[in-house]
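Both complexes shown next keep chain A, but they swap its partner, so chain B is in the first and chain C is in the second.
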Partner chain A sequence: MAPNLRLNAVAFISPQNHPILIRTFAKQDEHSIKYHYIAHTSLDVIEERVSAAGKATECYLGLLYAMEDVAVYGYITPLKVKIVLALALSDSVVRDVEITMIFKALHMTYYSAISNPFLKLNPPTDAAHDHSPYLLVGSPKWKNFRMRVDEISRVVGNTPNAVSNP
Partner chain B sequence: MSARNSLQMAPSISANPSVPANLAALADPPTRHIDAAVMDYFLIELVNTLRESSAVATARSKKVEQEMVEAGLIPPPVAVSSAPPAKKESARDSVTSPNSRNTAKAAVLDEEEEAVRVRLEAIGLHVGANFTERLCRDRPMFSETLDAIKFICKDIWAACWDKQVDNLRTNHRGIYVLQDNAFKPISRLSSWEGRAEAVKRARLYVAMPAGIIRGALSRLGFHGAVVPEVASLPQCTFQVKLPKGT
Partner chain C sequence: MNAYPPALLAQLAPVMFVAGLDAFPTPDSSQPTTTTSTKANDFGLLAARLREALQTERKAATWQPNKTKTCQVILVDKEVQFPPRKFVSQEDPRYSAAHSLLSPLTPTSRLHPDGLIAPIWILKHTSLVPSVFVLFLRIFEFSPSDSGSPLDAPDSNRERERELEERKRDAELASEVVLRKKTTNERGIKLTVVLMATQRMLDDPTFDARLTFIRRQSGLDSPAALFVLSPVSPSELGVFVTSLQQTLYEHALEYYTAHSKRVRRKRNRHSQAISYPIPVQGSSNIARPLRPEGWAVRYEYKMACFAEFRGDDEVALKHYQDAHSMLVVMFGSTTTLPPRTYRWAEAKALADCINVKISRHYLYSNEHALALSHHNTHMRIFSDFLRGWGMGEETFEYWSWIARQHRILAELLEQGTRSTSMLPVHKPNHNSGSGGLAAGTLEVESMRSLGINPSHALQHPGFYYYMAAKCTEMRRERFLTALELENTQESVMASPGFMNEKKVDHLTIILELYTKAYELFKKYTIVDPQNPTQERLTSWIAYRIAHTYYASAKYDMAIRFFERIAKTYRREKWGSLLHPLLSTWLACARELGDVELRVKLLIEMLGHDIVEKDGPLSYGEELVAVLKSTAPSSDEVLLVDISESQPIFDSNVVFWAPEVKVGEPAAFQISLIAPHNVPVSFLPISSLSIYFSHRDCPLVIRHQDSEAGPSSFQLMNLTNVASSPEESGDVFANLRWQKGGCFIFAGTISSELPTSLKGLSPRSRWLSSVDPPQYLPIEREASSSVNVRHRSHALAVSLTHESPAYLNEKYLFTINITNTDTRPFDVVVNVLFPIEIDGAANTIILGDECSTNFIKGVPFGVLAPGVSAVKTLYLVNTGAPGDRVIDISVQSRSTEAEADPAEPEGQDLTETLSTLVIPTVDPIKVSQTISFTRRSWK
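Moving on, here comes the complex of A and B:
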């Protein structure tokens, strides 16, 4: 595959709509805060699509919208974790199957990272809610997660100059 | 539970030539397998090991508590049976009467069992939640609560315990009863002290499966209570209480 897909940013959002990880790969020194904004607006579009689709929704949501120079694709897991992908707009044809593969790989890395039993060694007494690990993504324990996301972007054909934005 | 995740770059022949092999391997990692008998032994031993470990932990915390009591930092613990309150030691050490000693001993055993049960359930919570993430990868979203419960009955049961749930009943108001006539973790339990004793001990072994179910439900978004019951080996029922409105 010719590396004509340039990943600009990846964002993971929790079921409670808190950001888990937002990682940008833009080579230029753009304001990476722009991708926080993109992830935020994607939330609205995703909700709209999910409620419109009714009973039988597929996980892959396809192209959500396109902004100035990025095309934004969305994916929602059955557990309501949303993954948002921002690709640089280009004239070449972008196949759905490639994007779906990328999303599945991202879902896998998220799953590997979250399965680590050492993330919260002292479980809270209220063991019913376990969304607290999401808030610690900046800490060193999540380094593997970030490394794996970088690897995916490298495999897709980018240079490994990643700017992290947890 | 025999499938595990792997991040190795296995040379896979991608069906689609436009997708690089590396990406395909990352997206769909090859499953690693583990011997099923080893898994069964491990789970059985897990309960025994945790019992020892939690006994040590409880003893340690009681020792600290005792030291603090002696130093006068905290008031002495309330006696659990009818021992005279003037005694500083807890009722476990009282020798007033064999009756009170028996109930005190039963209280101690229950407390220890409770500690092990809580640990097992916490482990189950974690395993269930993460396993649900893995199993949900290739399926579309859930349309309603009953769908999620059916997913648990079929996919999780088949993945963890090699069969599906035998009976699912609901009262359509948030209570589901899952019945399994030959539940794998307790199917090989027996006790030389007789059937009743075996049933009592089996309660500890179903604590982790109850935790797995609860963890899976909570990751799906339903926070409820799961109560396991063992009426007779190897039959087991789980009562799931989901909050109103779902």
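Moving on, here comes the complex of A and C:
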């Protein structure tokens, strides 16, 4: 049986390609910058896949690349928010169904997080870079989003073959 | 690949020796051919062409998958000697018991007593001993001039002389062949002789007899042993070369099959009888003979190589795999192969090379997953071994080896992708749910349709070069640690490996690897023409290159890279990537002593609002220190344009109302908020300029020290900012900010012309109370811009008529316009009368104008304030009755403003529209009824 999937990091990237939230679950803090690079470079592959697929783009973009000790998967929501997943590389087949399931859970988490009406209240003046208030869901002020993402990572890591035997 | 003997990596192919071609001088094409040397040149040219044609057939390379059955041609001297097979001569009675020169059992061999396979063994088979030997020889001919004139009487003496001479020459030739045949026969090498003769000679009736003589004399009776070639055209020569290759290929295969059989026999004999003594533990210094596992590796490897020579890839793969697993067994025991010995290093290189050959085999057949899986397994097994040998992740040896493995895969892939290999695309299979593959497919296939194993997903070679570079970085890190340890402890760490490592220029290697990765990433980027910004992966690698330059103290090179990469990161606002870049960039600027750059970078970094100390000073303090201590390189004002990057202050412009009338003051507030984390109070700001779009020069606010010191909140009322600079003097304020402090400039501006005043901040709030500061959010979309419009004109328009109208009547209709404004207006009226009823023909008459549907621009003249104008409009409706709709537009234009016809927006023009519905009926309606009754007959 395939071993558990282990999430090393999750990144949410806005349609304008600005980072919303980059959450790392790996222990070493000095490597967290690595996942910023991974999230950023993934955009190249995501754009390539999206433009190659034309209008018939599926949300799930599959394995983007594998480098060092992680395999990077991508997902794009219909509103062009990109979700990037860095899985710890292990020598086993990763089933697309499982990854898609994780992505859907992350998508729903993001979706419910931005439904928070208080996000639009009193937006800080210093967040003048992006027109979308949704970037704010990743700010440390809104803990719920982070908690839910962490929860997904925990569940994925603890459940053996989380979704492979429905 | 340079890390390994090329002989162990090269793709093997049957070897063909070609001799005798250099006997003919290459014709010098620059010299005009004289008639006397034509024939010699013919053969010279032929030989040159042959050399070329034979050598282009196949080139020795690591990546050579083509299955055209051709031999690897090596041009040799006619007198070439093969290396002796054994130490003793064949005549010696000990010959059969003696071993090959290269055998570990031969005391003079490099492999004595326990070596596995030396590259020289492969070299022997690839360059010293062929499988077929082609000898080109020129058959003796008298030159045509010697033969005398055909008119001469036949001279029997002369004929006999010539015959004898020919016979003598032919016998010489045959003995030469015999000599050669002896050496080739010894080794089972096929000898083929190609006799070169002129066309004239071929036609000579004596030629056949001579040929038979030579064949018999030299024993060239077997098939494909003797060819005859005369100077022919290049295309015919090509045909000859191909047929030669094809004919001899079979013989080459036989040669290698014989070798395989011989080795297999030896292996079988060996596995049955192990007669070599097992060495005593601890006696590692004494020469120990090769153990059975070692012999097994030798035989498997040799059989694999001979199979590879034959082109039998499946068999080769099997033997290589066996050899590899046997090597793994050997490495499993430190007594068999004690670590860090010469034999151990040799065996490790052999294992690595076998791994490359296996991976390459899979790549030839586009089995990417298998190739990568084998490569990874090899790396995993041996990194476990390395840990066991005390060369784990904490040593440079470990990383050096890992880097080498990544690099060789990258190099193999790079060579492969240049020719035949295709890289797979890892896109998810969206049709996996269709169930079409459900029954009858292999389990592997169905697993593949469900997903892929990321560690078996082959990517372009750039990734592996990147990995190699990354591992070399680790290697350098570990090496530096070891060096430090050596310096502090003065311990006896001076192992030969460490001494060697000291000579390695790690940074150059890292740079080379990153550069290769960069080029490949660039090559494999599919640029979308609509969105040519895909340079994130390359930026990432460029960043690593810049870092390497920084580490190797090439600061100017590093700066060049940083400049380009920073643009990408700034544009995409990835602060987390920009910060480390800026701090390394700054370090470069410090090293170079570039004051201007340092100031620029420090200002940019202040804007990022990060409290990250880099050295003893914070960025702000460093900036002040730089400004105080150093002199700029020129007297010019240093202008730091940070429009691309994040500004230090968050500035925000907000207008209270979205729209004002001309001349009406528009209230605005400009707020400047200092960073929250980085102190900026010590920045010696001397003045602040606010630029307005309606003024040519900015409003300058100068710094004036105040006793209060930097404040957290200031409000400055600028009142009405005049449109001309002369009217306003300089303004003074305390331009020092606390952390997160806010300075608000409030005021009004007005415009005499309709325009749009714009700020640039998207979200804004309006300061509504000073103590405590309170804000009202301004929710409208363009809160930082205001539109200035003309006031609308006050005109009273009344339309009098008495409905309904009758058909064919001249219906009367009065338009009365009164100017109730304070300004005079030029008034013009347009009447539109659309036809909406079928069969209705209508006419409108206004003054002199008459039209069926539209009267444009009827002037009412300039109306002074309070003045009225009246015009009468007639309407004639014909056809069917029904409602008629009429649109009347009254346009008034200010007589004061000079209108710019190019800009309709800017014109002071008001249009009043009114729509009338006029019911139209028949003037006379006649209705008749007739009724009759039938009288009943009685």
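Throughout what follows, the second predicted complex is superposed on the first by the 133 of 166 C-alpha atoms of A that agree within 3 Å, B and C clash if a C-alpha of one lies under 4 Å from a C-alpha of the other, contacts with A are read in each partner's own complex, and residues count from 1 in each chain.
To be clear about the criterion, contacts are C-beta pairs under 8 Å (C-beta built on N, C-alpha and C of every residue); 3 or more make two chains touch, one makes a residue touch a chain.
In this text, all values refer to a predicted model and were calculated from it rather than measured experimentally.
After superposition onto chain A, the modelled positions of chain B and chain C are compatible, with room for both. Residue contacts after overlaying the shared chain place A:Pro19 against chain C, while chain B stays out of touching range.
Shared-chain residue A:Glu58: touches chain B and chain C both.
In the superposition on chain A, A:Ser115 contacts chain B only, with no contact to chain C. Judged by the touch definition given at the top, the superposed model places A:Asp44 against chain C, while chain B stays out of reach. Of the two partner chains placed by the overlay, only chain C lies in contact with A:Val94; chain B stays clear of it. With chain A used as the common frame, the shortest Cα distance separating chain B from chain C works out to 9 Å.
On chain A, the surface patch touched by chain B in one complex and by chain C in the other comprises residues 58, 95, 97-98, 123, 127-130. On the side of chain A, the complex with chain C involves touching residues 17-19, 22, 33, 36-37, 40-41, 43-45, 47-49, 51-52, 58, 60-63, 65-68, 71, 87, 89-99, 122-123, 125-131.
Partner chain B is touched in their complex by these residues of chain A: 1, 15, 50, 55-59, 76-80, 95, 97-98, 101-102, 104-105, 107-112, 114-115, 117, 123, 127-130, 148, 151-152, 155-156.
Remark: chain B residues 5, 7, 16, 18-20, 22-24, 26-29, 121-122, 125-126, 129-130, 132-134, 136-137, 139-143, 214-215, 218-221, 223 touch chain A in the complex.
Considering their complex, residues 373, 376, 426-430, 432, 447, 450-457, 459, 463, 466-467, 470, 525-526, 528, 530-531, 534-537, 540, 572-574, 576-577, 580, 646, 650, 652, 671, 673, 676, 761-765, 777 of chain C touch chain A.
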